[in-house]
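Okay, here's the structure, questions in a sec.
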Amino acid sequence: MNMVTIDKVKDWLFALSDIYSENREYLTELDSAIGDADHGINLDRGFSAVRAEIEKMSSGGVQGAAGQSPDSFSSLFKTVSMTLIKTVGGASGALLGTFFLRISQAVKSEKEMDGRELVSLFEKGVEGIKMRGHAEEGDKTMLDTWLPALRAMGDAASSGGSTGEILSAGLKSAEAGMNATKDMKALKGRASYLGERSIGHLDPGAVSSCLMIKAASEILR
Amino acid sequence: MNMVTIDKVKDWLFALSDIYSENREYLTELDSAIGDADHGINLDRGFSAVRAEIEKMSSGGVQGAAGQSPDSFSSLFKTVSMTLIKTVGGASGALLGTFFLRISQAVKSEKEMDGRELVSLFEKGVEGIKMRGHAEEGDKTMLDTWLPALRAMGDAASSGGSTGEILSAGLKSAEAGMNATKDMKALKGRASYLGERSIGHLDPGAVSSCLMIKAASEILR
Amino acid sequence: MKKLINLPGLVVSEALHGMQAAHPDLLKVFFDPNYIIRADAPLKGKTAVVSGGGSGHEPMHGGFVGRGMLHAACPGDVFTSPTPDQILAAVKAVDGGAGVLNIVKNYSGDVMNFEMAAELASDEGIKTESVVINDDVAVKDSLYTQGRRGVGATVLAEKICGAASERGYDLKKTAGICRAVNESSRSMGMALTSCTVPAAGKPTFQISENEMEIGIGIHGEPGRERLPLKKASEITGMMMDAVTSDLPYKKGDRVILMLNGMGGTPLIELYLLYGEVYKIAKSKGILISRKLIGNYITSLEMQGFSITLLKADDEMLGLWDDPVLTPALRWGI
Amino acid sequence: MKKLINLPGLVVSEALHGMQAAHPDLLKVFFDPNYIIRADAPLKGKTAVVSGGGSGHEPMHGGFVGRGMLHAACPGDVFTSPTPDQILAAVKAVDGGAGVLNIVKNYSGDVMNFEMAAELASDEGIKTESVVINDDVAVKDSLYTQGRRGVGATVLAEKICGAASERGYDLKKTAGICRAVNESSRSMGMALTSCTVPAAGKPTFQISENEMEIGIGIHGEPGRERLPLKKASEITGMMMDAVTSDLPYKKGDRVILMLNGMGGTPLIELYLLYGEVYKIAKSKGILISRKLIGNYITSLEMQGFSITLLKADDEMLGLWDDPVLTPALRWGI
């Protein structure tokens, strides 16, 4: 099984910074339809800060936001979490911050992990999202991307798939889950205030989470 | 010489009420270009009130705004003046109110006058406009319509023209004067604040005064 | 996008610099993280009252920091909840030992970020209580979702809790009156135009010349329904019906009323609307005891308005009347 | 046209009804002719201070009627000067025997209508003095025309003269301080968007997404020039240069500054602009001693702002600080 190295994870995080910058307008436009037109702006701000923070840490000696060296998964994820919490704001800041915080607390390996551990970390992270936001599948949130994706990843992992296979399976279900948010009525998040009028639009957080999984499937494989 | 009767004058005033109502948008648009977009609204409001006031007076027994019977020129013009002063507001309210006030003070005939007297009344009225507004010819105001018109009317009157001829001559010069305001830089009135930018637009008051003279030339002849 | 700004990304911090320059007597502004505190904070032994939320709703919240109202405000990015570290810093700066009341509007982001901040504060030994404001009757089916939005009642709660703190109410009692204010407040908003988030650069929604959005929130989000534009009397009628049919009141009850402009509504229209509101309240037997008419909780340059009614008891009215001296609300001083 | 109104022709009178309903403790509104007076007017032996002008500039003037400021205001139709009978009625209603100061903005219509009213008042044995405000430096060549427009300084003059009357200044002295205020005040305005006169139904001027009008007045009339939209810092720089190069001041002088929104400008932008103004004033050695930031003299829903500087002496500052209690300006009470 291909290993997920700390360098790959950094590449993934850097890629996210590019991806959210490129999709800043698209995500913001999705948020205009059923929210407050800031989702792309929030993620772009947050992940640029993540990039800057990691670069600062990596340029030798300088300590990350969490005051730790960047050379272990736990300190890297802690830094990502703290940076997102401090710079994103809004619902996604709290949720993604919690996601990476839980991952940083759960990670056991230091510089390399296998696909199975990665899936279990995503599971812990998503538990954090659920705990923080009290949302469930079907509420038209980022969970509608994450939960089906996790189930597919879990299945692929237990049937012995490679890291690449695990992530590809996850992406497929993530995309289906994301697309399914279009016909849902939002029950959590800002869009829930619209009631019926939220139907017919993709959930911006579901889309941004899908982009995150897509990048993972391309880079962490 | 055809006589100007009190009924013709009432017809003229009623016609003005129609004309300013029809030209309400046009005059307001002219005022948008170099003023505050209310000239047509002001005149429409004022002359509708004049119509209502005259109708009230004429419907027997009821007294006009000035507390006088409507059956003499002086009381009729006084009523027009008071009504305009009370309902128009702005520069044109003060100026046209003063115009008709001066006429009501100067008129000698009771129910009929000749063309010469009409011209002398217009002269008194316009003196009132000058006194009130301290403007001169060339300042890009209603005076640029009235002053050339008065000169032409005076000439026609002293060379023995009929009432119709007098008014037609007046209208011709009024139109030329009005058109000349287009290339003038405003020195009085709201448009004067624009400096050079007032050039290239007709003065709304010059246009509304020309409409007044045009109606006179058609009705008072 | 037409805005009087330098760069979209700098709007919030530059406006905060302006506030600091404008009101050094009333407040102190801190940057990175951004928060605003009363110039004389912390007040020893007094319950501190803190609020915060996205920027773009000015004067809320920064304009309500000062004597008799907020001890601190945490302005997030435009329409984006503040972050936990920001809230924590503000809480720490104003805690006078008697604990801190956080007044939070009911949006997932605000609730979660304040929750995280409260956890951090408690780690540092600071007592906090949070009251979540949810007065917006425009939200339907609120039983099955995360509930209603917090809107206009926030302003009234901030004034009343600020006065309560000034009077020496302890944390529990201040939180109690905050909850009571929230429970007897109802609001509803509408918009004629959208607003433009500076960083987004274009209007959040499109709306044609003869349409209006009824039941909007304060973030340019779509409302309950889009309808043909109606007369002021009809719009006010619809909104007052929605608000009063949900407000637990009986004839003769006194209310504090806020007729709030969304930022781009001229005052002449707000007064015209107040004339309509007044007639309707009278016909329903509601006594408008106190009122605010103006821009208090806005959505950038949006045209529109909201109505908030708070059925007030003697205690609330007394606290309302207590002196207040902030950039945006001032009386008795 | 998107407005919260019933009928274009009713806007002014309905808004006045709303004002009456909102502030019965502060003012009384009369109709046909329309005017607003202090609830406790006439004040025996006190110089009465009256102002007026077109509507659409709210809160000016009606919002400044009350203790320590105007005794009466005469609102004309939207952007249309009030009529002489209207002004006369207001003057008669507030004259307390000590005469009446009319504060008039320098527009032909206002000047002439107030002049006619003064003639009528004098016929009725009422002493009046008129001071014409003309602080707008945007007007070029003012020597050869009817001069400059009256804009922001009007608000400052109304506050200071209201306080002067309260202190017992006689008519001559009140008029004197009014003239002094006018002489040491300068203003300049700009707009991002046009406004729409309700009865006209469409915007007074067209302006594209990347343009601004510099040197506008308060009636949606075109300004000194149309320029490409610039950054807030550059716009503020241009405007402060225009104002200060005309203001007779020297380093270290104190000013009362008004940073005024045109009606549709969000407060977050006004504070951002204040940050720029503050830096510039500082660099020029001008001391901002007192300030107003908000919507005080507006053009309906126009987006834009104006800056007014009044070089103030001790007397003016003292009068400024005196208590005031009106719908739109309140302190010390």
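Lettered A, B, C and D in written order, each chain numbered from 1.
In this section, contacts are C-beta pairs under 8 Å (C-beta built on N, C-alpha and C of every residue); 3 or more make two chains touch, one makes a residue touch a chain.
Predicted model only: the values in this text are computed from it and were never measured.
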Report summary line: Per the touch definition, the chains contacting both subunit A and subunit B are none
Query raised in the report: Per the centroid of Cα atoms for each chain, what is the distance between subunit A and subunit C, given in Å?
Result: 32
Report summary line: CA centroids of subunit A and subunit D: separation to the nearest Å works out as 55
Query raised in the report: If you look at subunit D, which of its residues touch at least two other chains?
Result: none
Query raised in the report: Tell me, which pairs of chains are in touch?
Result: A-C, B-D, C-D
Report task. Using the touch definition up top, name the residues of subunit B that touch subunit D in the complex. Result -> 25, 28, 32-38, 41-42, 45, 85-95, 97-98, 132-134, 186-190, 192-195, 197
Query raised in the report: Touching subunit C in the complex: which residues of subunit D?
Result: 1-7, 11-12, 14-19, 21-22, 55-56, 58-59, 63, 192-193, 209, 212, 229, 231-233, 235, 263-276, 278, 291, 293, 295, 298, 300-301, 303-305, 327, 330-333
Report task. Quick one: which bits of subunit D touch subunit B in the complex? Just the residue numbers, please. Result -> 33, 54, 76-86, 107-109, 112-113, 115-116, 136, 138-141, 144-146, 148-149, 197, 199-200, 204-205, 217, 219-222, 224-225
